[in-house]
Amino acid sequence: MGEAQIAKKTLLGMVPADSPFYRFHPVGRMALLIFLSVTPLFIDMPEVNLGLILVTLGLLWWGRVRMQQVRRYLPLLVTVAIFMFGVAFLAPGNRTALTPIRSVGATFYFEPMWWAFVSYCRLIAMLFGAILYFSTNRERDTLVALRSLGVPFAVSYVAALSLRSAGMFMEDFKTIREAQQARGLDLESLSVVEKAKLYTMYTVPLFAVALRRADEISNALFAKGYTLSGRPAGGGRRTDYLRAQYPVRARDWAVSVGLVGAFALVAALSKTTGVFSDHLSPLRAVVVGMVAAR
Amino acid sequence: MIRAERLAFRYPDGTPALDGVTLTIAAGEFVALIGQNGAGKTTLAKCLAGLLRPTHGRVVVGGIDTAAKGVMKALVRRIGYVFQNPDHQLFNTRVYDEISYGPKNLGVPERERDAVVREVAAVAGVRPELFSEHPFFLSKGLRQRVAIASTLAIRPQVIVVDEPTTGQDYRQSIDVMEFLTRLWRQQGHTIIIVTHEMPIVAAYAQRVIALCRGRVLADGPTREVFAQPDLLAQTFVKPPQVTRLARAWAGAGVRADALTVDELVDEVVRVAGGERAVAVPRAGRQEPPAGPGAQADA
Amino acid sequence: MRLAVEVERFSWRYPFAQRDALREVSLAIPAGEFTLVVGPNEAGKTTLMLAIKGIIPHSLAGRHDGTVRVFGEPVAQKNAAVLARQVGYVFGDPDAQFTALTVEEEILFGLENVGVPTSEIGARIRRASELTMISDLLDKPPYDISGGEKQRVAIASVLAMDPEILILDEPTSMIDPLGKDLIVDICGSLKRDRRMTVIVVEHNVEAFAPLADRVVLVRDGRIEREGAPRTFFDDVESLIDCGVYPPQVTQVFARLQRRGLYAGPLPLTDEEGVAAGTRLLQGAGRWR
C-alpha cells in the first residue's frame, strides 16, 4: 500500500515515506494538531507561544519535511505582522489611558503594541501547528483519524468527497475561465468592479457542470451499492479496510492521551490560575523597564 | 494566417506540454490535430487560439502576437474556440442571449447583432423556436450547436473545435462535420479540429498534424500522413480501417492511400473488375457476372 | 440455458417527458453471453441499461410498465447492495464516477458497501487492478491520472465486486485511442473467461463487434433488430441511416457483395477483411 513510494504527497507538500511521523497512528497526529493549534488560545504569555513555535519547527525538521516548503509562508508572516502592528500603531484606542513612547519621530503606545505582539505570537503558533499537521498528513490520514474517533461513515465520507470536489472545482473553474476568454473576455483590461459584475459568467457554468456531475455521482454511488446509512448489505457494522491498515499501538495511546491531557491541563490552568497571563511575562518586564527608563 | 515559432508551453505545475513547435496554417485550410493524450494537441490548439500564452517562442495570428497585452478582443475576432463540453461555455439563461453575447461584448450595435444572431443560428441549425429556451435543458447535441453558433457570431476567420464528434452517434457526427465543411468550402473559414476519430479525419481533413510528446511528428496532406502507420504508431494513432486494408492489398494494385469506404470499394472494383462492366448495384444478393476473374468464395 | 436478464414488455417514461423513453421492450440475455447494444443517441440504450442495473426504478423517478428480471427476480424488488453484487455498471464519463480520494479507496468503497470481509479485500483489489493494469496507480488521486486510466479504475472497482453481469455504458467514448485499446483488451479477456455476462453500449462498433455474441439495435425506445454479428451487419445502409456505423471492413464487403464481386460471410475484423480481400483479388488474378 504505497510502501514503494519514496515520498508521500500531503496537502501542503511532500514528506518522505519513512518519516518518523508515520510510525504514529493518525489519531495521535490529530491530537498533536489539537495540542499545537488550539492550546495557544489559552496562552497569553508570548514566551510560551514562541516556545511552541520552536517546538513545531523542531518537529517539522524531525519529521523530515522539506524546510523550503516552510519558507513559503514567510511572506504571509510578514503581511500579518504589518497588518497587526499597523493597526496597533494607527488605532491605539483611548490615548489618555495608555503609555506613550516617543521613538524614531513617531508616538507609539505601549499597551496596544504589546497586545499586538501577544496576539501575533499566539496566531503564528496556531498557524504553525496547522502547517505541521497539513504538511505531514494526507487526506487519507485525516479520514482514518476521524473514523477512529467514531465519526459516522457518512460524515467522514462527505467530508472526503468535498475535499476532492474542491480539486475538481478548481479544474472546472480554470476551463470555464478559458472558455470565457474565448468569448472575448479580457480579464486584464477590466477594473475590479467590472470583474465582480462578471461573476455570472463563471457561476452559471460552474453550477451547470456541478449539477450534472452531482446527478451522475449519485447514480454512481447507487451502482456501487452505497446506502445512505453506510451500512453494508448483510447488515452489521461496516468493515473499514483503511483503518485496518493502521494498527493502534501502545505508543499511540500514550501520545494521544498525553497530548489531549496536556491540552486540558493548560486550558484548566490558564482559566483558573492565570499562570499563562502575559502580565507574568519576563519579556514584558524587560520592555516596561526600558520604557520607564526614558 | 496563424504562425507558431518555436512554440513551447509548460503548465504552471511544471508539466511540459509543447516543446518547440513551428508551423504555419494558411487561411482556408482544414486541419486536424491528432495524437495521443498528453501529446499536446489541445495545448497547441489553445496556444494558437491565444487562450494560453507561450512559455517560450510565440504565436502570431493575423499579425497579432498572442502574448501581447489587451489583444483578447482583437484575437477573438480572428480565431474562435469551441470547447469539448458546451457546459463550460454556456452561461446565459436564453439561447438568444448566449449567441448574441459575443457581438454584444465587442460593441456591435443591436440591429446588426440581431441579424447576425439569426443568420448564425440558421447556419448552425439552431431553430428560432429555441431562442428563449434555457440552454441547460437542451440535449447535448443542441448545446454544442448553440456553443458553435455563439462562437460563430463573432465571425472569426479561424474556428477551432475541440473533439467535434466525441460521444455523438454517426448521424450527429456527420451533421457536425458537414456543417464545418460548409463553413470551410462556402464561407472560406479556416477550420482546425482536435480529434481522436481517424475515420472522421480521413474523410474531412485536408491536412493532418500529428503530435507526439509535445513535438510535431508528422505534418502534411491527409493521405501522406496516413501512409506512415509506423510513424503514427509512436503517438498511438492508427490509420482508419479502410486505409489499413488498402495497404494490405497494395500488392494487387489497389491504391494504398484509400481514405474512405467509397474510395476503397471503387478501387477494389477497379482492380478486380478489370475491363468487365460493373454490375448495377441492387439491394440483395447478385449473381456473379460471367467472365474471367470471377471471385472465389461461396 | 440460464437467463441473466429478462426484459418483459418494459416501458419507461421520465418525468415531464412527452414520450416514453422505452416502449414495451422485450429482451432475453443468456448467462455468459457478450452483448453489444448499438443505436442512435437518445434512443433509449442508456435507459435500458439503467433499468437492468436497477437505477431505474430505485434511484430515478418515472412511470413504468412491465418487468425487468435479473437471474429470475424482478429488479424492482432487490435493494442497492444486492444489485451491486449481481450487476456491475461502468458509466461513460470517467470523472463522474470517481467517488473516493485515491484509486485504492475507489476500489475498496464498493467492496465495503457489499460487506466483503477485510481479509478478502486486499486480494480482490490486487486481482482487479492486475486485470485492468492499474496496479501502479493505487495510491494516486483522481486528478493525477488520465481519462483512460480513470475508466480502467472504474472497471477495476466494479470487477472487484465480482458481479455476474457487467454493464459498460459507452466506456471508450471519452477515452484516447491507447486507452480505448486497453479497455477493449480487458473486455476480450472477460469474454474468454466466459464467467460474466457482459453488456456493452457503444458507438465504436469496429472494436466491439468482433467480441459480441449478439448485437442489439435500439431505436426510438424499441429494439429494432438483434442477431449474431455476422448477420446483423448485412443491411449496412439502413444501419447507417439509424446512426450506427458498422466496421468499415464490413461496409466495404457489403458493398462489394451487392456489386456481385463477393459472396461469403461479411468480415468483421482487419484480419478477416485482409484475408477475404486477398482471396478476392487473387481470384481475380490481380495479385503480383
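A, B and C label the chains in the order they appear, each numbered from 1.
Methods note: a residue touches a chain if its C-beta (ideal position, glycine included) is under 8 Å from a C-beta of that chain, and two chains touch if they have at least 3 such contacts.
The model shown is predicted, which means the values in this text are computed figures rather than measured ones.
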Chain whose Cα centroid lies at the greatest distance from that of chain C: A
Between A-C and A-B, the pair joined by more C-beta contacts: A-C
Euclidean distance of C-alpha centroids - chain B vs chain C, Å: 28
Distance between chain centroids, defined by C-alpha means - chain A, chain B (Å): 47
Mean-CA-position distance for chain C and chain A (Å): 46
Residue list for chain C, restricted to those that touch at least two other chains: none
For chain A, residues that touch 2 or more chains besides their own: 212
Complex contacts: residues of chain B adjacent to chain C: 36-38, 139-141, 166-172, 196, 199, 236-238, 240-242, 244-245, 248-249, 251-254, 261, 264-265, 268-269, 271-274, 278-279, 281-289, 292-298
Interface residues, chain A side, partner chain C - complex: 1-2, 5, 139-140, 143, 160-161, 163-164, 167-168, 171, 212-213, 216-227, 232-234, 236, 238-242, 244
Chain A-touching residues of chain B, taken from the complex the two chains share: 46, 49-52, 69-73, 76, 80-81, 83, 85, 87-93, 101-102, 105-106, 136, 150-151, 154
In the complex with chain B, residue positions of chain A that touch it: 172, 175-176, 178-186, 188-189, 200-202, 204-205, 208-209, 212
Interface residues, chain C side, partner chain A - complex: 50, 53-55, 58-59, 79-85, 88-89, 91, 93, 95-102, 104-105, 108-118, 121-122, 138-139, 141-143, 157-158, 161
